[in-house]
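As written, the chains take the letters A, B, C and D, and residue 1 is the first residue of each chain.
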Amino acid sequence: MGKKDASLFMPFTTTTLKKKKIAESSMKDSKTKIVFNQEVAPACFRMVLSGPFDNFIIKSGQFIMLRLGMGYDPLLRRPFAAHRFKTTEGTFLEIFYHVVGYGTHIMSQMLPGAELALLGPLGKGFEFSDTLSAALIVAGGMGIVPLRGLIYSLVESGIKNIQIFVGAKSASQLLFLTEFRRMDIPVHCATEDGSSGYNGLVTELFRRFLDNHAFKADNHTMCFACGPRPMLAKTASLSFNYQLPCQVSLESRMACGIGVCLGCAVKLKRQTHHDQDQKKYGRVCLEGPVFDAKEIEW
Amino acid sequence: MVNTAVNIGGIPLKNPVIAASGTFGYGLEFSPLLDLNELGGIVVKGLSLNPYPGNPPPRIMETTGGMLNSIGLQNIGVDAFIKEKLPLLRNYDVAIFVNIFGHTIEEYVRIARRLSETEGIAGLEVNISCPNIKKGGMSFGKEPKQAGLLTKRIRKATSLPLMIKLTPQASDIADVAKRVEGEGADSISLVNTFLGMAIDVDTAAPLLSTITGGLSGPAIKPIALRMVWEVAQKVSIPVVGLGGIASYRDALEFMIAGAQAVQVGTANFINPTMCREIIHGIKEYLKAKHIDDIKQLIGSLNLSGHETTSD
Amino acid sequence: MVNTAVNIGGIPLKNPVIAASGTFGYGLEFSPLLDLNELGGIVVKGLSLNPYPGNPPPRIMETTGGMLNSIGLQNIGVDAFIKEKLPLLRNYDVAIFVNIFGHTIEEYVRIARRLSETEGIAGLEVNISCPNIKKGGMSFGKEPKQAGLLTKRIRKATSLPLMIKLTPQASDIADVAKRVEGEGADSISLVNTFLGMAIDVDTAAPLLSTITGGLSGPAIKPIALRMVWEVAQKVSIPVVGLGGIASYRDALEFMIAGAQAVQVGTANFINPTMCREIIHGIKEYLKAKHIDDIKQLIGSLNLSGHETTSD
Amino acid sequence: MGKKDASLFMPFTTTTLKKKKIAESSMKDSKTKIVFNQEVAPACFRMVLSGPFDNFIIKSGQFIMLRLGMGYDPLLRRPFAAHRFKTTEGTFLEIFYHVVGYGTHIMSQMLPGAELALLGPLGKGFEFSDTLSAALIVAGGMGIVPLRGLIYSLVESGIKNIQIFVGAKSASQLLFLTEFRRMDIPVHCATEDGSSGYNGLVTELFRRFLDNHAFKADNHTMCFACGPRPMLAKTASLSFNYQLPCQVSLESRMACGIGVCLGCAVKLKRQTHHDQDQKKYGRVCLEGPVFDAKEIEW
C-alpha cells in the first residue's frame, strides 16, 4: 500500500457522522489482516487492518483487543484505541501504537499479510451533547490517538470552539499536527525538550490557558483528556479548580477486555457509588476507559 | 451421534466443558459472543457472604504462557447474585455452579445455606484454594485436616452437590483429595492457581500490589495434568481437571488422565469462544476415532511400555 | 567500570551468571559458540559414582513456554569426568561446580570424597531434587529431615564448598532450606524442575517413557521466583536462583528478590549464547542505573505500598 | 522471488564439490531471513533462507536447528536437513519441511522477510569412500530430503551405479522425481495408495530389487536410508540379510542439537560400545543423525 497511504490520513467521512446516529455495534471477535504496519514517528507505528468492518461502528474512546499471533507468547491480547475509515479500497481499521514493551515490539515486527484476531468494539467512549459550545482537548503522548477521533466528531457536530493541547517528549512525537491545522483548530504544543512550542508539560500550558480565559462552569464547556496517569491527575485537578466537567480516558493492564477478569480495576471515589463496597473499584474495560474525572480516586 | 454427556457427582452435563470461576464473570457477559446453552457448565465468579472489594491494582501481570492475578475475589456478594444474576442465568440450559469462599468456616456454611434456598443452582464449587486472600481461602486447602473439617461442615449445611476445589500449594494434594472425599464431597476440581511472583526491574518493586499472585494459563498445564492424574487414581468421586487448558487436545489429555470433565479458565481471555471450540474439537475427535461415548475415554491412559522413572 | 563479582559460599565468581546443570553438558560443548571464560560459573551435568545410562526415549517434550525432561541423569560417571573432562576445563578461568547425585547417602558421600581429592573444582552442587530417578534424587529433597541428614553426611566427607539444590516438590521448601543451612551447607540453589506430564491424545499414551518428567523453562519462572524470594528471607547463606531465566531482566528479578547469583538452564537450548547476553545485559543495566556494585541490587526488592494480599 | 525459483531447484554446482574438499565448517548461530516459503507438495513446504552462508559448509545428512520466532512459544528450535546452493543472487540455504504439528504449522504461516536464528551445521552426515561402486538410496516420505544432497555428492564423485527407492503415501508427495530423472538416475517409486509406481511400501520394493540383483557383501556397495523408523528398521534388516553396509539417518525430538541435553537419545546395541553402560544410548544430534544401521537397537 506504501504510496496510497497518505490518503488514509484524511478526515473521516460519513463514517463518523453515522456513528452518532447508529447505535454502536455490539462486540464481536473478528479475523483481520494487516495491510500496513510502519513507523510514523520515533517508536510509534501505524497499523492498518482489513476485515469485516462494514458494520463495525467504534466510538472515539472505545477500544479493541488484538491477539498478537496464534501462539501463547505473548498470551494476552493488547488493548488499543482504533479508528475506522473508508477508502476506495474498502473499510479499514487503523491503530497507532507506541513500542513500549514485549507485545508492541512483536507487533512492530509484523508484516503485511499477517492475520490478527480482533475483539471489539469495547468499553465506554467519550460523550458530549450537541449543546456543547467549547471543547478543551488535553493529550499527552499517545493520548492524542483516541482524542483524534473525538475531534472529528466534535467538528462534525458543529462545535466551533475546540482547543487542542498536546504534549510530548519531543517535537518528532507530536502526532497529527498538520491534520489538525488543516482543520483550522488551534493546537497548543508543549515538548519536554523544548524542541517545539512551550518548553515543559502540557498541563502547565493548559493551566496558563485557563488562567487567561474565563469559562462558565456549566456543561457547555467540557475537557477531554488522555495520557499518562500523572498528566491526567493534573488535568483533572485543574478542571476541578475551574469547575469544568472533565472526561478522562484511562489505561490499565487488561486480560479479558469485557469485564469478567476484574484485572483492569482502578480505584473509584466511594461516594460516587453510594459507598457500596464492591464498587470501590471500577473496570477500565467496561465502566471505562472514559470516566468522569470526578469518579476517579486520583 | 457421539454421546458427550457426563455426570459430575449428581450433576448431569451435556458435555464435559465447564467455564472456570473468575474467568467467565457471572456467565452473562459472554452471551454476545457465545451461546451459553452450548456449554456443559459455568462456574460463576467466587462469591462471599457480603460484597467484597478485592485487592488494589495492579492486579494482573502477563508471564510466559501464563498470567499472574491477585484479584482478591472481588464480588457482588451472594445476595446481589441471587437477585440480579441468577434470574437471568435461569433462562439458559446450562449447569450453573456457584463458586464460594469465606474467611471462616462459619462464613462458608452460611453462604452454602443461603444458596440452598434458591432455584437454578446445579451445585457449589467450594474454593478452599484461593491464594489471593489473607484469611481463609487457601489456608483451608493446604492441609488435609482443615480441608476435611470444612467439607464436613458445609456438607451438613446443604444438600446441593459439593465440588471441592483444591490448591496445588497443598503439601500432598492427593491426601487432601482423599480427605474431602471421606467427608462427603461429591466431586473434586483441581487445580487452582500456583503462587507466583513478578518484579519490575526498573523500580525493583513487585508488579502486583499483593507481591505474589496466582499463576494460570498454558504454562501450568503439565503440572496440573500430573496432579489430576495422581488424584484421579486416589479417589473414586469424579475429578474435574483444569489448569492451562487452551485446546480440545489439552482437554482430552485431562480426561485421558482420569478427569470426568474439564474447566477452561484463562483461555477464555485469549479467545472468548474457546469453550465452544473445545466442545467442537472433542466431538470431531470422537467421531474420527469412532468413539461413540466420551466415557470410554476417561482414564484411558495407556501405560504399556512406560514406567515411572527407571533406576 | 561496574563490579559484578559475587561470592557464593566461599566461591568467588567474576559475575553472577552460572550455566545450570544438565543444560550445559560438561561445558566444553559450548566452547565453539561462546568463550567460557566470560561466564561466572558452570555446573556440569549431574554425576554419579558409576556411569549411568539414563531413561529410555522419548525423554523430552515441549510444552507452552517450557519443556518436560526425563533424561534420568545419564552421565559418564565421576571417574571418566575427572580423567576426560576436568583437565580440559582447567584451561578456563571459570568456576566449575560439579553436580552430584546418588541413590543412597553412601553414594553421595563417596562421590564427594572422590571429587575432594582432585584439582580444579570450585564446589559441589548436591542434587537432592531430581524427579527423574526412582531411588534417591528427589526423595532426599522433599522432607527437611532427610535433606538435613544427607547434608550433614556430605559435609563431613568434604571440605569443598557445598551448594544444595532444592526441589520445588518439597512440602515446605523454606523448611528444607533452613535445615540444610543448619547442617553446614555453604549455599542453596533453587529450583530444580517441577514434576509434570504430557499425553499424546492420538495414542492415549504418555509422551515421556517415564510418564512424568521435570518441567523447566520460562513457564515456571513466576513460581521459581516466588520460592527464591521466600527462601532468601529465611536463610543467611547465599541463595542461587534459577527457573526459567531467559533474559538479563529475568536474572535481575531473581537477584532483586534476594538471589546472590543465578543459573541459566533451558534458555541455553533456545539460544546458545544466552549466558553471554545475560551478562552483557546486566552490565548495561547497572551502568544505566549508575549502580557501581551489583551487590547493591541483591535483595533490594522495594515493598513500599505493597502487602501480601489484602483481606 | 516467485518466478525465479524454478532455477533454485537445479543441481548443486561447485558448492557440493567444495564440500568434499573443504572440512565441514564448525557450528555457529546465525541470523537468517526468509526469502521464500511456499507449499510445493501437499503439506510440504520449501523454505529458502538468506544469510551469511558463504563459509557455511553443510554435509548431506547434517542438519540445522531453526528458532521459530523471537518468543518462547514454540520454545525449542526445530531440526531440519538443509542444502546450500548458489545463484546469481547469492548463497542460500533451503529446507523442505512437512507440516506435522505446531511448530511446522507456524513455519508454514511465516512470510518472506521474517528473521530466524539458525544453529548449524550440526551432527554427523553420510559417509562414503571414492572406492564405492554402487549406492542404494532408500527414502520414505520426507526422508528423501537429506538423501537428495547425498545423491548429488555421489554423482559428483563419479559413482555410476545409483539406485533410488522412494516411497510416499501418494504420488503427489513424491519429491524431486523430475530432478533425479534429469540426472539419469533410476528411480523406483512406491506409493501406499498406488497412485504411482509400486502399490505398497518402498521397503517391499527394495526387497524385490535385492532379490533380483546380486551384490557382493563388501564396502563397494552401500545402502543409505532415511524415513520413518519402521521403514528404517525394515531397510536395516534387509541390508543385514544381504550383508550390505547400511547408513540410516534417524529422527528424534531435540532440545539443544549440540549434545548437551541428552534428550535425543536412541537405544544403541551394547556390544558396539564394549558394553559401557553410558553408551547404551546414542545422541541423534551428535553421534547421529546418520548411524551405521548395525549400531542401532531396532
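Just so it is clear, a residue touches a chain if its C-beta (ideal position, glycine included) is under 8 Å from a C-beta of that chain, and two chains touch if they have at least 3 such contacts.
Computed from a prediction, not measured in an experiment: that's the story for all the values here.
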(request) Would you mind checking the shortest number of contact hops between subunit A and subunit C? (result) 1
(message) By mean C-alpha position, what chain is farthest away from subunit B?
(response) D
(request) Please work out the Cα centroid separation of subunit C and subunit D, and write it as a whole number of Å. (result) 37
(message) I'd like the Å distance between the centres of subunit B and subunit D, where a centre is the mean of that chain's Cα atoms.
(response) 47
(message) I'd like the Å distance between the centres of subunit A and subunit D, where a centre is the mean of that chain's Cα atoms.
(response) 54
(message) Give the residues of subunit D touching no fewer than two other chains, as numbers and ranges.
(response) 72-74
(message) Counting only residues that touch at least two other chains, what does the list for subunit C look like?
(response) 56, 63-66, 217-219, 246
(message) Going by the touch rule set out above, what shape does the chain contact graph take here: line, ring, star, complete or other?
(response) complete
(request) Can you check the complex and tell me which residues of subunit D touch subunit A? (result) 69-74, 106, 109, 111, 113-114
(request) Give every residue of subunit B touching subunit D within the complex, in rising order. (result) 64-65, 218
(request) Can you check the complex and tell me which residues of subunit B touch subunit C? (result) 55-56, 63-66, 68, 70, 72, 103, 131-135, 171-172, 194-199, 201, 203-206, 208-212, 215, 217-223, 225-226, 229, 244, 246, 249, 252-253, 256-257, 285, 297, 300-311
(message) Applying the document's contact rule, which stretches of subunit C touch subunit D when the two form their complex?
(response) 22-25, 29-30, 32-33, 45, 50-54, 56-67, 69, 71, 74-77, 80, 217-219, 246, 266, 268-273
(request) Could you please specify the touching residues of subunit A with respect to subunit B in the complex? (result) 26-29, 67, 72-77, 117, 119, 252-256, 258-267, 276-278, 280-281
